[in-house]
Structures are given as C-alpha cells and as structure tokens.
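Look at the two complexes coming up: subunit A is in both, with subunit B in one and subunit C in the other.
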Partner chain A sequence: MSLRFRGWMPLALLSVLIVAIAVYAGAREPAFYSDYNLRNLLLTTMPLALVALGQTNALLVGGFDVSVAALVTMCIVVASFTMPAGAAWWVLIPGALALVGVGLATGVFNATLIRVLGLPSIIATLGTLSILQGGALLLRDHPEGPISGEAIDVLTWSVGFLPLAFVGVVLLAVAADLWLYRSRRGLAVRAVGLDETSARRLGMSTGRVVFGAFVVCSLMAALGGFYAAAQVQIGSPIVGGYALESIAAAVLGGASLAGGRGSFVGALLAAVFLSLIKNVLPLFQQPTEYAQITIGALILLALLLYQGPELARRFRSSWQGVGRLRTRGATPAG
Partner chain B sequence: MRLLGRRSVSAPGGTGSVAALAGGSRLAPVVTAALVGSRFLPIWIATALLIAIAAVVAPETLQGTSWGFVLPYMTILAVAALGQMLVIMHAGIDLSIPGVMFLGGNLVVGVAAGSDDQLALAVLACLGLGAVVGLANGVLVGVLRLNPLIVTLAVGQVVLALGLSYSRGIANESNVPQALSSWAGDKPLGVSWVFWVGVLLTAFVALALRYTAAGRRFQAVGANPRAAWMAGIRVRTHVVFAYAAAGTLYAVAAVLLAGVRISIDPSFGAAYLLAPIAAVVIAGASLAGGLASATSTWVAALALTLLTQMLRILGLSTAMQFVVFGAAIVAGMLVSGDRVAAVLGRLLRPPEHPGAPAEAPPPEHHPVDPGKL
Partner chain C sequence: MHLRTGPPRRRYWLVLGLLVAALALVAAGCGGDDGDDEAGPGATTGETTGDGEFGEVYEADEALLEKTLFDAELLPEDEMSRNIALAAYGRADDDVDQELALRCWRNNGCKTGTDGELTVGYVEGFGENIYREISKMEFILQALTYPEIGEIIYTSAQSDPDQALTDFRAAISRGVDVIVTYPDFGDAMLPVFKEATEAGIPVTTYAWGYVTGPGENYTTVVGEDTCNLGKAFANVMNEEVGSGKIAFLGGFPGNPLSLGWQKCEEPELNDEIQVVAKEATNWDSSKVQEVVAGILARHPDIKGWSYEYGLGMAQGAVAAYKAAGKPFDAVLTMRTDDVGLGCAVNDLDNPNLKVYYYTAGNSQIRVALTAGMMKLKGAEIPPEIVFPVELQDQAERDSCVEGYPQEASATSLVPVELLSKMYPG
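Showing the complex of A and B:
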C-alpha cells in the first residue's frame, strides 16, 4: 500500500506544483508564456534532467554519484577542444563521440572503484570529482575556446517553443520507467537495490547490475554535458553544481536513497520543477536566495509527504502501545 | 556497560566478519585481536609516511612558516570533521556544514559589528545557530526518520541562503572584531590558540567516548541501534544529540575560520562540504555507522591539510592539486579501515571452509541506510 503511494505521490505532487506555479507566474507576468521564455526554461532544464535521470540509476542500486558535477564541467571543456567553432561535421561527430567516451571512461572508473575495489560510492565518486575537476582545470585554466555554433543549433533545434531534445528526454524517461517496472532487467535493478544479498542468492549477477548502473549514470551525465556546453558556449572550467541538485531532483521524483525505489519520469518532473522555480523568481524581481530557500523547504516538505504513510503507521503503533499500557494499568484496578 | 569496549562493539559486518573469516585458523585469537585493533592504524602509518616523504621532497612543508599555515587550517578541518564523525557514527551524513559555517561566520561579523565588547555575544550567537540547525537536522533524521543526506542537504541550503541574505544586510561590516583575529594570531607555546582549541576538543571527544558511560552509550547506539534499544538506551535522543553536537562543532569551526581569515567572503566555509567526510572516512570510520576514533580523525585532517600544503610548495598547479587530492582520497580509502585486514584474513582462512562466511555483504554499499537509524 505504502509502496504504491510512494509510486504515484511524487508524480502527482510535482505535476500539481508545476502547473500551479506556471499558472500563477503566467497570471502575474505574461512574459512567462512567451515562446522565448518557455524554450529557455526547457533548455536550461536539459542538463539537470539528463544528470538526474542518470543519478536515478545510481540511487536505484543503493549508491550515488557526486562526480557528475565535475563530469559535466569536463565535458564542456573537452567540447571546446573537440567541437570548436567553425569545425565541419566530420570533425564534430568524432568530437561528440569523444564526450561520450569521457563519460564512459568515468563510469567504468567509478564502477570499478565501487564494485571491484568495494569503496563506498560517496567516497569513490568524491575522489573522481576531485580528479575530474583538476583535469578540467588542466585543460582550461580560464574560460576560453568557443564551442561550435552549428552543433549547438542542432542540439537546441526547436519547433516553436518546444526543443526537440526535450521531447526526446520525455520519451526516454517514459521508456526507462517502463523498462524499470515492466522488464526482467528492471526488476533485477530494483531487486539489487532493495536487498542485494537476497538478489544474489536468487542467482542475479548483482555485480554486473551495479556496475552497469554507475556506467549509465556517467553516460547520462556526459549527455547532460552536451546541453550544459550548449548553454555556456565556451570551454569554462567553473560550471557544474549538478551533483547535489541531481540527487535532490531524483529524490523529489520519488527515489529512495536506500535503493530499490525510484522513477525516471519523477526525476524529470522534479528537474523541470527545480528549473521552473529558478526561472520564475527573477520574473518577480526576487533575489536568488528565495529560490534556494523555497527549494530547500519544498524538498523537506516533499520528503515528509512521501514518508507520510510510514510516519502515520509508526505514530499509530506507538499510540497503540500507549493505549495498551493504559488498559493494562486499568485491568487490576477494575 | 563494561562490555561495550572497543573489542566487542564492531561495525556491522566490518571487523566482525573479518574475525569470522580468520575464525578457522589456528592463529585465530592473535589474528582477530590484531585485526580489530588495526582499524584505525593505517591513517597513522600513512601520515607518518606523508611526513617522511615531505621531509625528502619538500622540506619547506615542515618548517615554521608552513606549520603556521597548516596547523590552524587542519584544526578547522578537524573540528568540522569531529562533528561529521559524530553523525557518521550513527550511519548518518551531514551536508549542512557550509551553510552553518557561512551563516555562523556572518553572525560573528554582524552581531559584533566590529566592536570587541560584543564579541562574546557574537560567538554565542554563532554557536547557538549551530546547535539550532543541528537540532533541526536531528529531529528530522532521528525522530521523523527522514533520510539524513537529503535532509541535511535541504536544511544546509536554506541556512546558506539565509546567510547570503544576512550578509547583504551587513555589507558595511566585513571584518571580524580585532579581539578575535588577534586571539587567532596569538601563539602560546609557539602555536596558535586555534590549534590548542582543536586539540582540547579532540581530546575531550575521544576521552568522553571512551571513558564515560554516556560516551559508551553513544557508541553503542551507533554500533547497533537495535541492540542498544533493547538494552534500554534512548536511541532517538542519541541521534538528535549527535546532530545537535555536530552543528555546534561546525559553529566552533566557523568562529575559528573567521578568526584566521579575518574577513568573510562569499565562499566562506564552502570548502568544508566534502573534505570533513573524506577525513572521517579515511580515519577508518564506516559510513554504515559504528565505531570511529576522534584522534584518528584529527590525524586524518592533519594528513589532508599537510598533503595540500606539500603539493602547493612543490609548485603544483591548482589543477594538479585537485587530481592528486582526489587520488589520495581513493588511495587512502583503499588502505583504510579493515580493508587491508580483510585481505589478510582471507589469506589466512583455511581452505576447507570455502564460501559461507564471505557471503556477508560489505556494509559500505549502503552508505546511508535510513532503516538503520
């Protein structure tokens, strides 16, 4: 029962909040509904959405990945070398593959540390974060090197206000949720996250599942790197900050940090929600701190709501305990 | 309570499973004793090695002027890490450190308003803030049983944002009171006051955990909350206390950092998000909860700061410092805790009992398990 509640609750809550904020913002400030602003909002959501989808993978198997922040930065810096402005398409395609390669290498490195050498995921990815940050600074110690405008145009190609890539991400999230809840591999991933020992005793190759989850997480972060690069448009070593934000998005979307539960669509909705708050506040001339305070408070509120049934059950059972004590005390007297 | 000594309370699946691995060997008692004791040893050896390397490669690292920089900063890291350690002992994690330190540092400046008379009040305000934020974390994690990582992240973000808006209001006051900065610069016995505060705090936490009944209860809750609950210990109170004490320690770190830095910039405290976690874990604590050593954590903070200083003196670029630091965290982690001991235990295990005990999964794969609280 509570599991089902945890399944639909985040999606419902986030959808209601997104619609409410959008309606309110549109009523207060008509500029919110301009094609320009909506397209901008969806494009700024892209990196966070992709990283959060990847992070959901890591959370599902009971780990998490803080190195995604530096990986996104690394991808931007690498893109400024392999996809420079003015390059022809036969340069750009291998250049784009190089970014994917960086993601793959990082993922394999993380997964090896975590799975083969048995390090806790937070420490292993913390080490990777530092190494990647250093690597990005080695390649570019200050923002320089414009990124190919043609590549950016292709990445952000839109119909009206709707970027095609965003449609792609929505489809990806829906497909990933179907995979997670309707396929054998998806079941394996959830089983490993919920109870690894039992999953292994039932004959699942738990090592491979966890390894794969971290590799996919880094690959998605590298894809997010493309869209971060499209935003920055220059090889800057000081972008990032997607690590904790992506974990927050995945958790708001219903993922459990203990593993085994999560929703890709939820993570996507949460990413849209977080960017929406950041997008809306400047429209009302509010300082950016309010966005941070609102996001922090909403995360706590959402957690309380998601855990509602469990909390209610716990309070009910302790209340019953009090009741039993009372009746026991009353029996000898009566 | 005497039973709750260092030997009997072990991290779940950690040293216990190592002992089980070595169980079949004739060497079992010796090996087990050595392995259980060795959990906190590697960081001391690693630090000694680091000092030896520094003496050869970059002797300047170990000279007076360098220590004048290393000791205050290692103390600030160590104090923050002590707080983090209390939380990690209960299988928690605290990401609110930068928020507490930033708002705390600004409070020191803002409340004192440049005058030395208000300094005591300002320091109290800072410590009070740390305790309140820690208490909020503790109630959310310990009583409502929400996930510590996400709770402290959200609370930290809110506090950081409050700090930003507060710092805008006190933009005219940028420096801490003269009395605090000169106190931090003052050097009794050749080393700054800041250092002695860190040493005292570390010794206090270490002795309290080891030799007082309350400290033993605190450890027992961390090692096995269920068993502690059955033994009649108030588990929730201890978890709430851990976060509140941790918050206060971060505030102490903020006061010390404010004294050392003299002024508060927008990145004040930002470096203390992940470094304290690294220090605690390298010092041999398990993120799954259980035992931790305050003195080892202090040594780990020294090692991390010394490493940074050595790399700087060697003339490595900021970029390479990041790379080496990251590699050091991974390498430190690989040799820390009972990992080396586990390998030894596996080698010593007689071949006629294959498999069975090794089935116990390493606890580290669930770094934050709310069910364990």
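Showing the complex of A and C:
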C-alpha cells in the first residue's frame, strides 16, 4: 500500500461513510434533512471538530492530551463569568480573550510538564484534567450563569442551515493540512513525531515543536469551548468531555498513535462522522450504546486499515523474536 | 351474483339489534359532556362521573390516591393542578395491554397500534437505574390510555449532557407532540426546552425536575416542592437527632433535585446539628457504599443521613456500615420509598435505625404526561403542579410491601404482576 494511498484512504472512507449514512437517514426519516436538524448537526460538530484538530497536533508529535475534556468545561464556566448575559461588547471582547487565555495557560502548563519535567503526556494531561475538573466545579457547583445571547448569536450565525463558523473550520482544516504537508515547519512536526532523536540530530528544535503542539492543542480546545458554551448557553460544570472522542476523531482521520502522521481534514471529517452517528441514532430510536460500540469498533478498524503495515511489521518482528527464543530454548535439550 | 339473506326471523333480530345500537349511539352523543367526547379510555370506563375538560375526567379512585400519595388529600392545592392530577390518576385505573407495555418498555418505545396521530416522548439524561426504569413504565402505561397516541418514544443520554441535548433536538426534529423529561443536567437543558417550546411542543418535567422559567421556557414542572421536602427532612433531624453530625448525599453534581432540598434543609436545622459532608453519588448504589464508607471513616459518630434514593441507601449504606463493623444507628430521611429500603430496615431489626421517607413519585410522570396532553388540547397549565410533602415513618407505615420486587417503589402505580415481569426473580 503506497504512502500516498494510505494518506487519502481515511478521507475517502470517511466521506463515503458520511454520505452513505446521510442518504440512508434522509430516506428513512425526512426530519433528518430539515434545516433545524442539519444546523444542529453542524453546530454540535463544532466543539468536537475544533478539539479534534488540536488533538491531531498532540498526536502528530507522538503525544496525547486528555485534559481537553476539562478544558472545554472550564471555558464554559469561565464564559459564564466573563461573557454574561446582557454584557456590552466592550465586556464581551475581553471576556472572550479570557477564554483564550485559559487555553493558552493550560497549554503552556501541559507543555512544561511534558517537555521540562519530562512527564509522559498522558500522565501530565491526566493531572491537568483533574485540576481543571475540580476548578470548574469549584467555580460553579451546578449549572448557572447565563452566557451572553449576543455572543451566542454571533458564534452560531448561519445562512440557511450552514453555520458560517463551520465554513471557517473547514477552511482552517484545509489550511492546516497544507501547512503540515507543504511547509518546512509542518515537515519538522512530522519528523519529530516519527523519530525525535533523528530530528534532533538533523538540527530541528524538537523541544519547541512539541511545546508548540501542546499549546496549540489547548488553544483549539479553548476555541471548542466557545462552541460548547454556545450549545449549553449556561455555566455548566458537567458539560464537555471530548477527550476520548477527539482522540477517536484524530485516529479515524488518519493520525498515527505513534506520531508523525495525521490529517486535519481527516480529523474534521471524523468529527462530522461521529456527530452524525450521535445525531442519527435518536432519530431512529436507537439506544446510544450503539454509538459507543460503533465508535470503538471503527477505531480498531481504522487502526488495522491505516496502520496495517506497521502492525504487520511489529507482529513479524515479535514472532521472529519468539522463534529465536524457542530455538535457543530447544538447543541445550536437543 | 347472490345476495346473502338469512331466514326472516334472524333478519328481524338483526334489524332490531342495529336499531338499538343506533339509539345507544345517539343517546351517547347527546348525553355526554364535552370532556367525554374527546376522552380516551380513561374517561369512558363508565366508573367515573366527575367533571372534566380537554378530554379528561377530574376524578380518581380514593384507594389509588392513597396508594400513590399516602393520603387522598395530599393533592395539589390550586384547582387546575388538582384537576390535572385527578385526571392523570383517574387514567391510572384504566385497563391497558400489559404485554404491549412490557414490549414498549423493553424496546425503548413502540407503536401503540391505535393509529393515533400523536407521538409522545420521554427524553431523559440518564435512565439506567430502577427508579427511572419504573418511571418509564409509568409513562408508557399512561400513554397507552390515550387512543390518540400512536407512538411512544424513549431516549436516555446515559449521563452524557451533550447527548442529552442531541436527543432532545432529535425529538423536536421528529415532531414529537409532547415531551416529558427529567432534566438531569438542570439549566444546561434550557436551550432545548426553549427550542421545543418555540416549536409548539409542550415540555413537562416530573419529580420536581426544576429548570428556570416553568410556564415560560417550558410548560410545567410536576412534583413536590423540593424546598418543602428539605424543610420536612430538617424537622425530622431536629426532632430525632437533636444535636450531632449528619450528612447529605445527592445524585449527579448540580442536579436540581438534590440542590433543591439541600439548600432548604440546612438553614432549618438546629444550631447543634452540623452537616459534615455533602457528596454526589450519581444515584448509584456502589458509589453510595464508597461515599458512606469514606464519611464513616472521617466521622464515625455521624447520626443522620439525608438522601433521595432509598434503595441505593439500603444497598450501599448497609454494606458500608457492615464493612466498618458498626451498627447502623442513624436517622435516615429519604425521598424514595423503595421496597428494598423498608425490607432492609426490617431485616436489620435495629430500634436505633429510624427511617422517614417520602414517595418516590414515579407516578408523577403520569401527571406530567397528562398535563402535556391537556396543553395540546388548549388547557392553561399552571407553571408548577406542586404536591404537598408529608414524610412517612417506616415504623408506622412499612414500605416493605409483600409481593413487590425490592427495586420497586411501594407507591408506584405499575401493577405488581407487571413489576414481576420487569424484574423477574
């Protein structure tokens, strides 16, 4: 399987699945094609899509960021204080910047834990997740504090069923893929993810690349927080939780768990696909357990399909190792 | 072509029969009031003669009211709320197809087979405990008393707030006619409540699932005022505990039910009573055990517990006390009257364990559905349908009812034979 084909496969597969499900859903339940449903589908995709784009950054450099789940929640809670209902625009702008600041601070904190203290990314971000969760509950122990309706209107402004922000995310994903595959900086990110030691020997500032990737990941999660806040419209300390879904979206979109490979457009398509499943199941009166099973099965399938050659290589290498051990074990007795 | 004609004698009886039937139909059409014209089976059983409107009859059997409310007088005070409750409980007496109800319960929805044009939905954030499952069955049984309801749908978001919003929006997209819900995520559900209301869909909540703006953002909230429940809990604690440490347990963090009674119990307590812990349990028995064990370790001299979920307390706290090697000497104020709690208390046979409980209120979901149906027919629904609170003393009114599954509530209106099929063994 050529590298070029493997790069395109996730995009093609996800596009086919999205179209197939949409056609089937629309044929069986006309409500699926209503403006109300399609707009909601795209708006509910927004937070996951933004977090997944960020998560792709972390995966590209061979890490994970599970703190994004609580960061989104924290942003919703902070928005209920800094962007309250009825606030004037001159309050809303610094209020929105406060959310970006929360994202930036979290990203710098995570990156410091990972690069300066040398903690594994999953452990470092798990700690941050817990701190942010507790902090969100401390600020709001129950959903309260309505968020500015004007800000929500701007965030969710749509033409027909199409939210303009979604168009923005599509453009962002395309630009990010062009950056990843057509720029020196993108090449450096992939090189660090594939083999950090070699990248360092080649003179790349690997520390800065990893640091930047985690900061961008948190910033994207903070942007996702704006759209999660627009969904729930109140300071809820329990809404959020995109950690596993964002990793799932990035992997389904073609990111390698070992780092060095991924696609922002793929992550966006996967976010649309995952949201589509969640949207369609209740329309057909199907329990949400099916969504969880489907997502889990698809992740495994994606790993097999996209990373089959690596897995086969690892299997062969392990098998050869076992064979050598058996041979050595057999010699003295034989 | 041959016309089928019977012998003259048989034809005579046939004509006479048709005449009698036609006269009966005319009499029914002239004699029935407006309510009877639109009423479903609930109003046409012939057992009720009360006044009614909007397809309902405002009368219910006294024994049934006593079973579900402890006392037939414990109905809402204002007239319209009282009428809605009577109409709902009146329907609870109707015969419905229990096999269909069971299928509907197991399959999370069904077509009712009446070809009715309406679809009603019970859409909740979390449905994976016995309390919610029984509420689901109460909802289905009530829906089956309306021939105009052709489809019943049910969704649980399995504790995922984002999925809860998506499920609600899916119900709106599908054009569900009435939505009944328990808002597990509190005011986080407000956007979708408003969207449904804007789309002309009545939204009602039960078990005092209070979200801001009933009557404006959604149709109505049904249940006991949880603030009054908290005050009733405090009265018991003041009298039975007097002084010392007590703890509050709740469901999901931030859920309106727990917050409602907790914020009103605490200020009503004696100065000598300290609330040493307020913990969330997600209404999960194993978490109750974990939480109670933790609190017991820190405060072995704790004297009282206030909580909603009786069965969770019976399963979790009894195990925690046992593991700690302590006798379960405590005063419990519980919102639910689960059979398992009463039976566990009876088994312990400990005079120092005093249990006071309110009704689980599963049947309140029937009132919520009937309120939604009446709203569809043009009724003015009060924004709050409030039931008075009167706690029961386990020592005087045993909630361990023979023949009931441990998981059931003694005040549930789900027939016992159906409960046995829902929870065999």
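Just so we're on the same page, the second predicted complex is superposed on the first by the 305 of 334 C-alpha atoms of A that agree within 3 Å, B and C clash if a C-alpha of one lies under 4 Å from a C-alpha of the other, contacts with A are read in each partner's own complex, and residues count from 1 in each chain.
In this section, a contact is a pair of C-beta atoms (placed from the backbone, for glycine too) under 8 Å apart; a residue touches a chain by one contact, two chains touch by 3 or more.
Quantities reported herein were computed from a predicted structural model and do not represent experimental measurements.
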item: Which partner, subunit B or subunit C, touches more subunit A residues; value: B
item: Partner chain in contact with A:234 - subunit B first, subunit C second, else both or neither; value: second
item: First (subunit B), second (subunit C), both or neither touched by A:162; value: neither
item: Touched partner set for A:141, first subunit B, second subunit C, both or neither; value: both
item: Touched partner set for A:287, first subunit B, second subunit C, both or neither; value: both
item: Touching partner for A:36 - first (subunit B), second (subunit C), both, neither; value: second
item: First, second, both or neither for A:128, with subunit B first and subunit C second; value: first
item: Interface residues of subunit A shared between complexes with subunit B and subunit C; value: 137, 141, 287, 289
item: Residue ranges of subunit B touching subunit A (in the complex, touch as defined); value: 93, 95, 140, 144-147, 149-151, 153-158, 160-162, 164-165, 168, 274, 277-278, 281, 287, 317-327, 329-330, 333-334, 339, 359, 361-362, 364-371
item: Partner subunit B, residues of subunit A touching it in the complex; value: 62-64, 66, 113-114, 117-124, 126-138, 141, 196-197, 200, 210, 244, 247-248, 251, 256-259, 287, 289-290, 292-293, 295-297, 299-300, 303-304, 307, 310-311, 314
item: In the complex with subunit A, residue positions of subunit C that touch it; value: 108-109, 153-158, 160-163, 165-167, 169-175, 185-188, 190-191, 252-256, 259
item: In the complex with subunit C, residue positions of subunit A that touch it; value: 29, 31-32, 34, 36-37, 40, 44, 137, 140-144, 228, 231-234, 236-239, 241, 278-279, 282-283, 285, 287-289, 291
